[in-house]
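The following block contains the structure, expressed as structure tokens.
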Amino acid sequence: MKKHSKKRKNPAKRRAPVGASPGTIFSDPEAAPSKVHLTSYNEQELVEEDITDLSSLRSRVRERAVTWVNVDGLGNENVIQEVAKAFGLHLLAVEDIVHVNQRPKVDEYGDLRFVVLRMPRSSDTLETEQFSLLLGPGIVLTFQEQIGDCLEPVRARLREGRPRIREGSAGYLAYAILDAIVDAYFPLLEYYGDQLEDLEADVLDHQNQETIRSLHQLKRDLATLRRYIWPLRELMSSLARDESGLIDETTQVYLRDCHDHALRLMDIVESYRDVSSGLMDLYLSIVSNRMNEIMKVLTIIATLFIPLSFIAGLYGMNFNPQKSPWNMPELNWYFGYPFAWGLMIAVAVTLLVYFKKKGWLG
Amino acid sequence: MKKHSKKRKNPAKRRAPVGASPGTIFSDPEAAPSKVHLTSYNEQELVEEDITDLSSLRSRVRERAVTWVNVDGLGNENVIQEVAKAFGLHLLAVEDIVHVNQRPKVDEYGDLRFVVLRMPRSSDTLETEQFSLLLGPGIVLTFQEQIGDCLEPVRARLREGRPRIREGSAGYLAYAILDAIVDAYFPLLEYYGDQLEDLEADVLDHQNQETIRSLHQLKRDLATLRRYIWPLRELMSSLARDESGLIDETTQVYLRDCHDHALRLMDIVESYRDVSSGLMDLYLSIVSNRMNEIMKVLTIIATLFIPLSFIAGLYGMNFNPQKSPWNMPELNWYFGYPFAWGLMIAVAVTLLVYFKKKGWLG
Amino acid sequence: MKKHSKKRKNPAKRRAPVGASPGTIFSDPEAAPSKVHLTSYNEQELVEEDITDLSSLRSRVRERAVTWVNVDGLGNENVIQEVAKAFGLHLLAVEDIVHVNQRPKVDEYGDLRFVVLRMPRSSDTLETEQFSLLLGPGIVLTFQEQIGDCLEPVRARLREGRPRIREGSAGYLAYAILDAIVDAYFPLLEYYGDQLEDLEADVLDHQNQETIRSLHQLKRDLATLRRYIWPLRELMSSLARDESGLIDETTQVYLRDCHDHALRLMDIVESYRDVSSGLMDLYLSIVSNRMNEIMKVLTIIATLFIPLSFIAGLYGMNFNPQKSPWNMPELNWYFGYPFAWGLMIAVAVTLLVYFKKKGWLG
Amino acid sequence: MKKHSKKRKNPAKRRAPVGASPGTIFSDPEAAPSKVHLTSYNEQELVEEDITDLSSLRSRVRERAVTWVNVDGLGNENVIQEVAKAFGLHLLAVEDIVHVNQRPKVDEYGDLRFVVLRMPRSSDTLETEQFSLLLGPGIVLTFQEQIGDCLEPVRARLREGRPRIREGSAGYLAYAILDAIVDAYFPLLEYYGDQLEDLEADVLDHQNQETIRSLHQLKRDLATLRRYIWPLRELMSSLARDESGLIDETTQVYLRDCHDHALRLMDIVESYRDVSSGLMDLYLSIVSNRMNEIMKVLTIIATLFIPLSFIAGLYGMNFNPQKSPWNMPELNWYFGYPFAWGLMIAVAVTLLVYFKKKGWLG
Amino acid sequence: MKKHSKKRKNPAKRRAPVGASPGTIFSDPEAAPSKVHLTSYNEQELVEEDITDLSSLRSRVRERAVTWVNVDGLGNENVIQEVAKAFGLHLLAVEDIVHVNQRPKVDEYGDLRFVVLRMPRSSDTLETEQFSLLLGPGIVLTFQEQIGDCLEPVRARLREGRPRIREGSAGYLAYAILDAIVDAYFPLLEYYGDQLEDLEADVLDHQNQETIRSLHQLKRDLATLRRYIWPLRELMSSLARDESGLIDETTQVYLRDCHDHALRLMDIVESYRDVSSGLMDLYLSIVSNRMNEIMKVLTIIATLFIPLSFIAGLYGMNFNPQKSPWNMPELNWYFGYPFAWGLMIAVAVTLLVYFKKKGWLG
């Protein structure tokens, strides 16, 4: 469990100053530098290129059936602004792209569809980045926080010339990208499922603070995942019902499948949350049960020997028998010691019978 | 409780690689080999046959009023593909058939209805398999993970020539199959109901870790069952409202009854979940109560004897009375020993009165 | 609390075999034998009769404005079948009548309304039976599991010739019957309300396992009641909105009142469930509080006397002072014993001050 | 907290006998005797009168623009019946008026609106009475369980001739009355808010059973209040949307404001319930924390001295050193006593270091 | 955590007397004196002025495209009344402005939109004030409880002549103000997020009452925040869907963005509430775990030494061996003392083995 990201980001942080004009961009100084990559293709050919001269961007679009412009890193404000200008993005869309920590959603800006969601960056830590996608006629524009993503298989299918994607519209490309992102949650959930199994074994076998901390951490991670995944269903279903013509009917069937995947993700997250709550209860029950057992042993041994020790202490008193016949005559009895033993055995047996009756002996 | 399946499958597992082209089939190497069985009937006659030459499959269909093609085992990718091709299944449907762990649902693909749900394989373990059913005009196509199912009574009714089923449409056959699957949950729930009764007795009679583990296991199983059963209601009600003509009106009355059964299943699962949560609370209350009782006994005996032992210890000290009249003159008193006893009895009575007042003595 | 039914029936039990043809009747061998009773009336006259020759049943109906056929006991399959045939009941309705444990609902079969609900059989135990009612034009057909019900006042109103009921339609009779059944839950809830009061007093006064068991039993009973009552609201409101003409407008006003009663029942059950959950919490708090108090007393007495006993034990050691001046010279001091007392008093006072500061002394 | 009503009424009680004819009145023998008061006004004049001759009631109505007939006390069945007859009330409305414990609601009976709700009778106990209001054209008819209510300010505004109310319709009068009743919940909630503050202080300062009982009582009272207030929102909003013309548009604006007040009441009750649940948790946490602390002290002192006492006890044994050199030679060592002390100090230091390491010492 | 406002206001307080005429203003004697400030602007010019002569207010409005009248402090009843008269406010709106503690909402009064919400006054305490905004054609009228607000950046944008706001309608100004208020919750939530982080560290590191109190306080604050933020979503979405023409389409896009911010606020609050509940559970688990550990140590040491002390006490008894061969012959055995040691070691080893088997030793 050590891999869990320690520097959890406060989700309320990194906002524009209160009352600032809407659409103002406050780029994060720690953000990665921006790199623009263009993929342009039709059924016959596919061209990939890194774009450095942003002024040429506008002219490069619509050369072929579908153009995909991907921006990695949000660190260069002017790059973002140039790209935004080239595609006529609304100020509020730009603000949402740059100020990460948006909740997943679809917005409409004229003939553009603006999709924001979180993309998992790893299959065994809860590391995600904000992924923004703009879908226009023949154009897909994507923004990522950092270099590196889970879209390589999509690029491979493009390069290999798979017909469904190469003959498809920009809407199909957008679907392929979103589907890849949604599917990237499955290995992550699988990882958490394995963690849960391990934790369940831990809870049953030994109960210590480490287990509790890991369980708490897991619950927090699942709550965060839930926040990422919950709005995906709404998002996918609203895309699948889009009537603008950007997404053709065939693609909508695929988006419905993607919506179904989002439903399954949610189902899994919910069942994991159930299980983790159940584990917390189980932990408390087991600890409580063990306390009960320990208390029983303590009580039995302590209450058994406390009266015996008292008797032993009693005959350890130094009252002087020579001064008076009242002073501990037992010490001089012929069977004094056996009498003391008898007394102690009688007390012990009485108590054991009592405990037995109470059901504490087994 | 030992029968509960140990090798619980991680529901997020066995997915296609992230970003793979939709509809790509990744058949599980451990899946059972595929066997194709055809049942074709009308009012007059019924023919059953194992199909090995899949190329003939297409021609065999529509020979009689209703054709039921059942595929047991999902291990042979090419068999599945052939069958899919023969009936013109959508790629996404094929993907859902092969990649088990789908959530129960109904999808529409043109004039086909695609139903996925989970079928119980046993009435006393939570062993289930994915069951996919495609309903087309005159055709029912079913896919099961393994050989063996709960549909024998349906086959018997077909073979015995019961009029309702033999004169019915493919829609009625689909209903009969789905009804048999839904009803197969009842004995399973009955089993869990009995388990709950046993656990309740266990919780009341003796509280140990085994009880808690069984209860935890039962809660997990019920949560899983709930995930299987919850979508059945939606599924049945959407079939009962289907307007494509695939399901005639008479059959829709039956499907509404089936929907009602799904509601009852859900009711039962929910009430079991309630009871199992109540048992956890009951367990904790009883343990807590017992701790209270044990603590009381320990406290009474310990606090009673601790002062008495102190007094005994006091007069066991070896200060030399001969050196000074201040040194333990009690030891040489005439009534020294009775005095010590009196002191001890006084302390004991005082404490007992105090405990009595506190209500700890009964 | 002893009256609570011990032989709680598993709600998932007594189903038809899985996969059986729908509408198949599997009569319970333990069910009571069936008796058919006919009440036929109009404004002027009322005839009551036990029917043994079922073949005449059909002809007897519609002799007067309203005919009420009541079947007590579901043990004779052929009786049920004859009655069903006489009134043209749908197979699924018959199945629901015989296979008790249905959830309360209204179904439509052509011009018949089929109502199933549970009727309380007692006002101080959770004993209920399934009550099925079929309403057709001029006909009310009822089925009960056992002889004896809460409908005597309805029969009395019929016999006494109260105008509202004697002049009313079959719909009004159905309302009167359903209203009587719904109202029969009120004394039962009153009983549970009294139980709750008693249990609350118990929880506050003495906390033992019996209280907890009774509370658990009560919670289970309330959960069961909730399952019976919850669907009544939907049932009544769907009858009150029925547009078939079977239920005239005047009667619909009464049914809305009945719906309102169902709402109140639900309100009461929910508030009882709230209270019973609160009692469980209260119980745990009180036990926890009492543990705290007991621990305090134990701690104070034990930690007070443990050091004192140690000092007493110390000077009970038998080191030989004659062998060396280092060996327990205190024993031969002139003020040795007072010194020991002083030491003990000092320790005791120090500890008491510490406990006082901790707030443990009151 | 002593003022809380002890004789809580069982909400399921005081019903008509099961199966009784609907609309049958079973007047409570303990109910207060009925008094009828009439207020009749228009813009110019206002007449107030106690009505004893109920036969004249009908003729007195409609003398002026608005007539308000108020009945205090539900003890005289014939008075209620006479009034009901005079205004043509539906049997079911009369039943609801007399059988108190109705849930707040609005019913329509022809051109009458029938409103039932609960009116607080005090601002510092949960004492309420059922208040029924019938609104017809030019007529407001109200029924109260007991004499005395929170409507004096409304009467004062009428007498003082405030234009808004004197020129208003019967609908406005109904609004004014309902608004007064809804607003009467605010001082009651304020009282409970203060109680919560006090209890919070109690929970933080000292944890005893009295606190827990008061908290439990408060939670029950809040649950009851919630039951009274929850339906008010629906009630007000349905009146504000009434389209019968009984309530003019200006008054509907006021009713929407009243609806808003009901929303605020609900908000406050919900937040109080949240706080009271939080207090229960806080209580348990504090008790649990304190137990932890007490256990630590007990453990430290007990485990420190138990080994020391053992050592002391060891050298208090009376084995005879003269019989053998093996028998307790330590007693005759030159440094025997210092050796014993050394041993004890070493043990104590070891244990303290261990406790320190465990973090139990502060 | 000391900054949390101690003098929490009872939300049910400071209401008008029950039954008072609607629209009656009961100004709070402690409220701040009222100051009226007017900002009037169009694309070309902007005028700001403190208004003391309220009679001129009416004439000053509509001098330029947009007029913003801001009233700080609700202490002067006549000032409020004058302003209300100048703009023709409805009595109920005035009542809501003055009687703070309203729940956030939008009301329609003719061509005016009346918005009430709570404005944070600080980014590190839960200090808020009621903010009322009236939007009419060309007019924005705002009322604040106290001087000082979070709107300075809006005023700055106006003064700096930013085109979007200076060319915008009154609807845009209203949006800018509401957006500033909604955004002012983000730093406050950020503060609470940091508090949560700190508390989480506290809970994991040391468990004391202070932590629990802070956590409880935080939970209460979050519940209060939730009450403020929850209705904002409804409020923003109803403004964004306003069809009166007061808010032009461009501004509605911005309001949708603002609605999105409200959704994110709610998301954050909910996740904080989740985390704080999780922390309470974690706290209890850790305390419970620690108790378990402490009990184990206590049990091991106590149960180990209690039998040993008993043996030591046994041989400390003073039975006189000279009186009888039965009286403690062990004391005179040659290997008496080693025998006693052997006995003690045997008992200790037996117990250690038992504890080892129970798994209590690590």
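Residue numbering begins at 1 within each chain, and the chains themselves are lettered A, B, C, D and E in the order written.
Here is the rule we use: a residue touches a chain if its C-beta (ideal position, glycine included) is under 8 Å from a C-beta of that chain, and two chains touch if they have at least 3 such contacts.
The model shown is predicted, which means the values in this text are computed figures rather than measured ones.
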| item | value |
| --- | --- |
| Intersection of contact partners for chain B and chain D | C |
| Rotation, 0 to 180 degrees and nearest 5, that superposes chain C on copy chain E via CA atoms | 145 |
| Chain centre separation in whole Å, for chain B relative to chain A (CA means) | 25 |
| Euclidean distance of C-alpha centroids - chain B vs chain E, Å | 40 |
| Residue list for chain B, restricted to those that touch at least two other chains | 284, 288, 290-291, 295, 298, 302, 306, 309, 313, 316-318, 328 |
| Arrangement of touching chains [line / ring / star / complete / other] | ring |
| Going round from chain C, first to chain D: chain order | C, D, E, A, B |
| For the chain A and chain E complex, residues of the former touching the latter | 8, 10-13, 15-22, 90, 92, 95, 101-103, 105, 107, 109, 206-209, 212-213, 216, 219-220, 223-224, 227, 280, 283-284, 287-288, 290-291, 293-295, 297-298, 301-302, 305-306, 308-309, 312-313, 315-318, 328, 330-338, 340 |
| Sites on chain A touched by chain B in the complex | 150-154, 157, 162, 164-165, 179-180, 183-184, 186-187, 189-190, 192-194, 197, 204, 253-254, 256-257, 260, 263-264, 267-268, 271, 274-275, 278, 281-282, 284-286, 288-292, 295-296, 298-299, 302-303, 306-307, 309-310, 313-314, 316-320, 323-324, 326-328, 358-360 |
